[in-house]
Amino acid sequence: MRPSGRQPDQLRDVRITRNFTKHAEGSVLVEFGDTKVICTASVENRVPPFMRGEGRGWVTAEYGMLPRSTGSRMIREAAKGKQQGRTVEISRLIGRSLRAALDLNKLGENTITLDCDVIQADGGTRTAAITGAYVALADAINGLLAAGTIKTNPIKSPIAAISVGIYQGTPVLDLDYAEDSQADTDLNVVMTAAGGFVEVQGTAEQEAFSADELNAMLALAQKAIGELAAAQQTALDS
Amino acid sequence: MRPSGRQPDQLRDVRITRNFTKHAEGSVLVEFGDTKVICTASVENRVPPFMRGEGRGWVTAEYGMLPRSTGSRMIREAAKGKQQGRTVEISRLIGRSLRAALDLNKLGENTITLDCDVIQADGGTRTAAITGAYVALADAINGLLAAGTIKTNPIKSPIAAISVGIYQGTPVLDLDYAEDSQADTDLNVVMTAAGGFVEVQGTAEQEAFSADELNAMLALAQKAIGELAAAQQTALDS
Amino acid sequence: MRPSGRQPDQLRDVRITRNFTKHAEGSVLVEFGDTKVICTASVENRVPPFMRGEGRGWVTAEYGMLPRSTGSRMIREAAKGKQQGRTVEISRLIGRSLRAALDLNKLGENTITLDCDVIQADGGTRTAAITGAYVALADAINGLLAAGTIKTNPIKSPIAAISVGIYQGTPVLDLDYAEDSQADTDLNVVMTAAGGFVEVQGTAEQEAFSADELNAMLALAQKAIGELAAAQQTALDS
Amino acid sequence: MRPSGRQPDQLRDVRITRNFTKHAEGSVLVEFGDTKVICTASVENRVPPFMRGEGRGWVTAEYGMLPRSTGSRMIREAAKGKQQGRTVEISRLIGRSLRAALDLNKLGENTITLDCDVIQADGGTRTAAITGAYVALADAINGLLAAGTIKTNPIKSPIAAISVGIYQGTPVLDLDYAEDSQADTDLNVVMTAAGGFVEVQGTAEQEAFSADELNAMLALAQKAIGELAAAQQTALDS
Amino acid sequence: MRPSGRQPDQLRDVRITRNFTKHAEGSVLVEFGDTKVICTASVENRVPPFMRGEGRGWVTAEYGMLPRSTGSRMIREAAKGKQQGRTVEISRLIGRSLRAALDLNKLGENTITLDCDVIQADGGTRTAAITGAYVALADAINGLLAAGTIKTNPIKSPIAAISVGIYQGTPVLDLDYAEDSQADTDLNVVMTAAGGFVEVQGTAEQEAFSADELNAMLALAQKAIGELAAAQQTALDS
Amino acid sequence: MRPSGRQPDQLRDVRITRNFTKHAEGSVLVEFGDTKVICTASVENRVPPFMRGEGRGWVTAEYGMLPRSTGSRMIREAAKGKQQGRTVEISRLIGRSLRAALDLNKLGENTITLDCDVIQADGGTRTAAITGAYVALADAINGLLAAGTIKTNPIKSPIAAISVGIYQGTPVLDLDYAEDSQADTDLNVVMTAAGGFVEVQGTAEQEAFSADELNAMLALAQKAIGELAAAQQTALDS
């Protein structure tokens, strides 16, 4: 039995709230159960120096956690003057994942920055962030299309992300903190709505895992991505 | 006429939501109109090295803005590795103000850290932060009293804060961004509910101001603090 | 009785020495009693990137303390790689105050940087710094006028600054360290020679202060600014 | 055809030189073709503060590249004062992977730090680093056993790592720089010699990849790990 | 002819003012012509962690320049968050030199920090700093002896420093900025009053120098150190 | 007797291996006994901003040590975010020394960066680095000449460097770590092959040294430079 009483293949309640704050071109509050992340998409009409003049756009991401988004207070990275390795790693993952959703050639020389700030953490913050950031990105893209800044939609396929793990010997979906801190294996999967893999990051926390276990986890992830893509679409249609 | 149509002595709608996130000992979302700040109070059973063994407690604060809490995206201070001067200045102001609310001798050797993170900015973020942080602090103190960690309530007087300014020649209360960016004078006032001044910080943005103008602004602030203290008490009683 | 034997409304001896060092366009040693600050004004024929092409000038300031300007040695900020919050806060105050003395439109695209370095501290370093920096600024402006770089004098009004406090229940002027470390309230006031307020920053160190106390302190400040403005003018005339 | 003329499942020449430098408890030069990494293991008789008194050991890793290990000179991270995100990410990967090789309870309160410094890069530096670091770690462990510092061997299973990718539509093993910079998918796999997965990190560089492609890549990796584990054992036996 | 009209073996006017500021255990203003440096000695009753319990003392130094001590304003290192290489190098030189003046075993577990801050630069700041720092150090030592904190005088020999160079083919003493910026060779020499070498640092700025030139420069330095040691003694006796 | 059994005027075995790594325009492994340093020369077709348009080139250097190049592991400077003072000082020494070997006017607007990374330290790393860096520089220069990027050879004279010291009262050449850590005096000398001094840096570690001792050490250095210059030439000819 899972601590939350969920079935092995059951997601937590997923809520996606658009227009959560008013300034950003895309602003989403995404909730996977008690994990809550504010994802904003900011559009700037320029690209990094190394890309100037190529006619292509750029997508990048930054991730952060409010100091008391967690059970015990974490040091504020801005005050310390240094981001933790974990923060840098997740920022890079989000950026790579969202770039995979777009044809950057169709974005023009615009940069979209996705800021994902965790206001409450209960496991799975990076997968919630990617899932929410896609919706914020889509809103920003729709704004660029509506304004005529870009002519064709650069989105190749929606993307979403989910964690899977092996908890007490059983592959389970969407681990919350109680499970995550005790799981044998932790796998984060980013996929397109069309079913392709964008990122697969699996770590054996205790014991090495087998190819069979990996495939069982990937199957769970595949099912979940369908549900998350549906939730994203419902939010964008509302 | 004010851009918002408010009367000169009229506050924006003030909303104080307790228990906004689940981990902190005090967690408040404070809204002054479209300005929204998450204020959390975190309790740790220790004091900074220079205070050890004195039996007194400590209160400190850190302020931050999400990169896209503002009209154009600000650089993420954690990524840059350095806080702006304004951030440092406001963090210090919040900390000093909240320490003035307490008798630190009654807090025992505990530290309470107030994190004030702006998720949407529309002027007056520091005064909203102080007003919300007091409620988070009160919740944390009540928790310490309930747990028996401390025996007597260290709160000397509730405190709250408001901005006042001279906009187009008229002293006005609680400036939003549209007013703030055009005001001649900007005054931030922190007061006790009992009517004493804790901090008075006034800056002439264009022309120097007179003693009469200062007194007119202070009178507006005094009235507002009463309303804010009532809103704080209502929130704490609910 | 004040530790120094001064009357409540009595300034310490104020000395302003121009041309204290030889390289800067303005170089002043300002002394408020035992507080000694070197203030230099450096002119550069350019403005920060965000102001280019607007035809306006800029004034900025940086404050520092020699490590042993104080009773016990402070860490050298350059060696630590980080300025203290207090340093940043005072630098910003000095810059804002001096900008208020000028019509930046008449300065052309020139930047004047005011460096205020405390070589001996005995309370009131920031107010001494502002008072001395004005004289260094005036010397630099006069140099620009003499060289024909600018045509009209951008100085709107001289400015000066003083601290006031409530010491053992009595409002007193120009606190030295012995008083400052024990005062109930600390108020720093920047004014124009013409009597307008530029900055008012008051902090209750122990107990909140009343409007009457504030007004008594402001009256003391107003008197002092007249004396300081006279001392500045005497120095500039010599 | 691969640029190097290798078969899809063919590794580059692997060379493992022990005792490459004289000071470290383990010192290995590992070469995967033209990729050359110095891996040292340093033993210290203490653990990080958060682990003190638990009787367990710790393994950590740091990765770096000499500025001219690459085709164009990279900035020296020490001079810049900041490690790149990629550097941090790889350091964390190496550390996690090597910890998976050990039962930390059998290491006593000792810390082993693995420094992996790339002196020449031609693709696959992180997998070469992990493969070489294991040998340096084994040497350090053997030294601790020989000295009687620890009584039982904490190694659970040797580990090694290899990259796999999809190059021009074909899954290929051990990509060199010419392939890596053009691959559609990049997968890094860390495995135990016994055939269990420790880390699986796959990224779609251009197009999303399918479960079939993933499984084909994992099969290649599985074969390669056997060869690498044999090379490690041969080096340790010599 | 030298720009200043001095003879090749002629020092600039040397002035040493003790008790220049009031807080430090030793405080000296040293002037070599227009080069002016404030040197303070601060005593702390502790040693760095790596020396604890050994009964020996420590002497260290930090060097800085006020931003406008030079002809064009230098960036403030504290604001930039990083000291220049030159600053670090000179700090280390001053510290090493002053340690050579003392028998650290006789200092007890005390640390003396020498802060040398250049308020006006005209060449030779490091040699002026060392010469002045010795006097500040001697004052601090005398204070420790007078207070009975230490029993025997740890000073082995006074030290002083001077620059020598080859200017337009002629070895000259104590280069000012006009000479220094054009010299072929720059040699800084630290010596004991007794005539021993403590540091010799020579750099060929344009052409390599010969052993004969080196010896001619060292002879000039030797003569100068005698004069400087006499000036130090006169100051200490006054 | 020296710990190594060498004669006072005997160098350790010197080995210079060109083309040690494949990417750099010059790449040398230099060995002075057990001291091993990788020196690479990287050419970039640009100069620092302050030199643009002058037609001259630039040479700069950076020095580093692998964390476990030494007997006990040193902190990784890149991870700490700060270079030690010693590192900065040696980097500057190498850069100055190599610039002295060239007529920068003949280099065109090209920058050559010399990276000297110590992989194994046993005393004398800075002198080995300079000696090896010269060979890497010569290779890079020869490449520029061969490619026709520059027309005339900018090398004025080869340079090399050696350490000398006073060990147990006797001047000895090329100190290894066992001697260096106990020497009374440490002198690093950089010379041209033609016999001119480029840098002379001597430090009294225990007792001040005399002019006679200095001259004895310089004579040893002079002899050694001839041998090192021959070894450089042999390597370049092979």
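A, B, C, D, E and F are the chain letters, set down in written order, and residue numbers restart from 1 in every chain.
Here is the rule we use: a residue touches a chain if its C-beta (ideal position, glycine included) is under 8 Å from a C-beta of that chain, and two chains touch if they have at least 3 such contacts.
To keep track of the chains, here are their UniProt names: A, B, C, D, E, F = Ribonuclease PH.
Just so we're clear, the structure is a prediction, and the values are computed from it rather than from any experiment.
Participant: Count of steps on the shortest touching-chain route from chain A (Ribonuclease PH) to chain D (Ribonuclease PH)?
Facilitator: The fewest touching-chain steps linking chain A (Ribonuclease PH) to chain D (Ribonuclease PH) number 1.
Participant: In terms of CA centroid distance, which chain is the most far removed from chain E (Ribonuclease PH)?
Facilitator: A
Participant: Compute the distance, rounded to whole Å, between the mean C-alpha positions of chain B (Ribonuclease PH) and chain F (Ribonuclease PH).
Facilitator: 59
Participant: Please work out the Cα centroid separation of chain B (Ribonuclease PH) and chain D (Ribonuclease PH), and write it as a whole number of Å.
Facilitator: From the centre of chain B (Ribonuclease PH) to the centre of chain D (Ribonuclease PH) is 50 Å.
Participant: For chain E (Ribonuclease PH), write out the residues touching at least two other chains, lowest number first.
Facilitator: Only 81-82 qualify.
Participant: For this assembly, give the contact graph shape among line, ring, star, complete and other.
Facilitator: The chain contacts form a single closed ring, each chain touching exactly two others.
Participant: Write down the ring's chain sequence, where chain A (Ribonuclease PH) leads and chain D (Ribonuclease PH) follows directly.
Facilitator: Chains encountered around the ring, chain A (Ribonuclease PH) first and chain D (Ribonuclease PH) next: A, D, F, E, C, B.
Participant: Touching chain B (Ribonuclease PH) in the complex: which residues of chain A (Ribonuclease PH)?
Facilitator: 21-24, 27, 34, 36, 38, 40, 42, 44, 62, 64, 66-71, 73, 76-79, 81-83, 87, 113, 115, 117, 119-121
Participant: Sort out for me which residues of chain A (Ribonuclease PH) touch chain D (Ribonuclease PH) in the complex.
Facilitator: Of all residues in chain A (Ribonuclease PH), those touching chain D (Ribonuclease PH) are 85-86, 88-89, 91-92, 96, 100, 157, 187, 191-192, 194-204, 207-211, 214-215, 218, 222.
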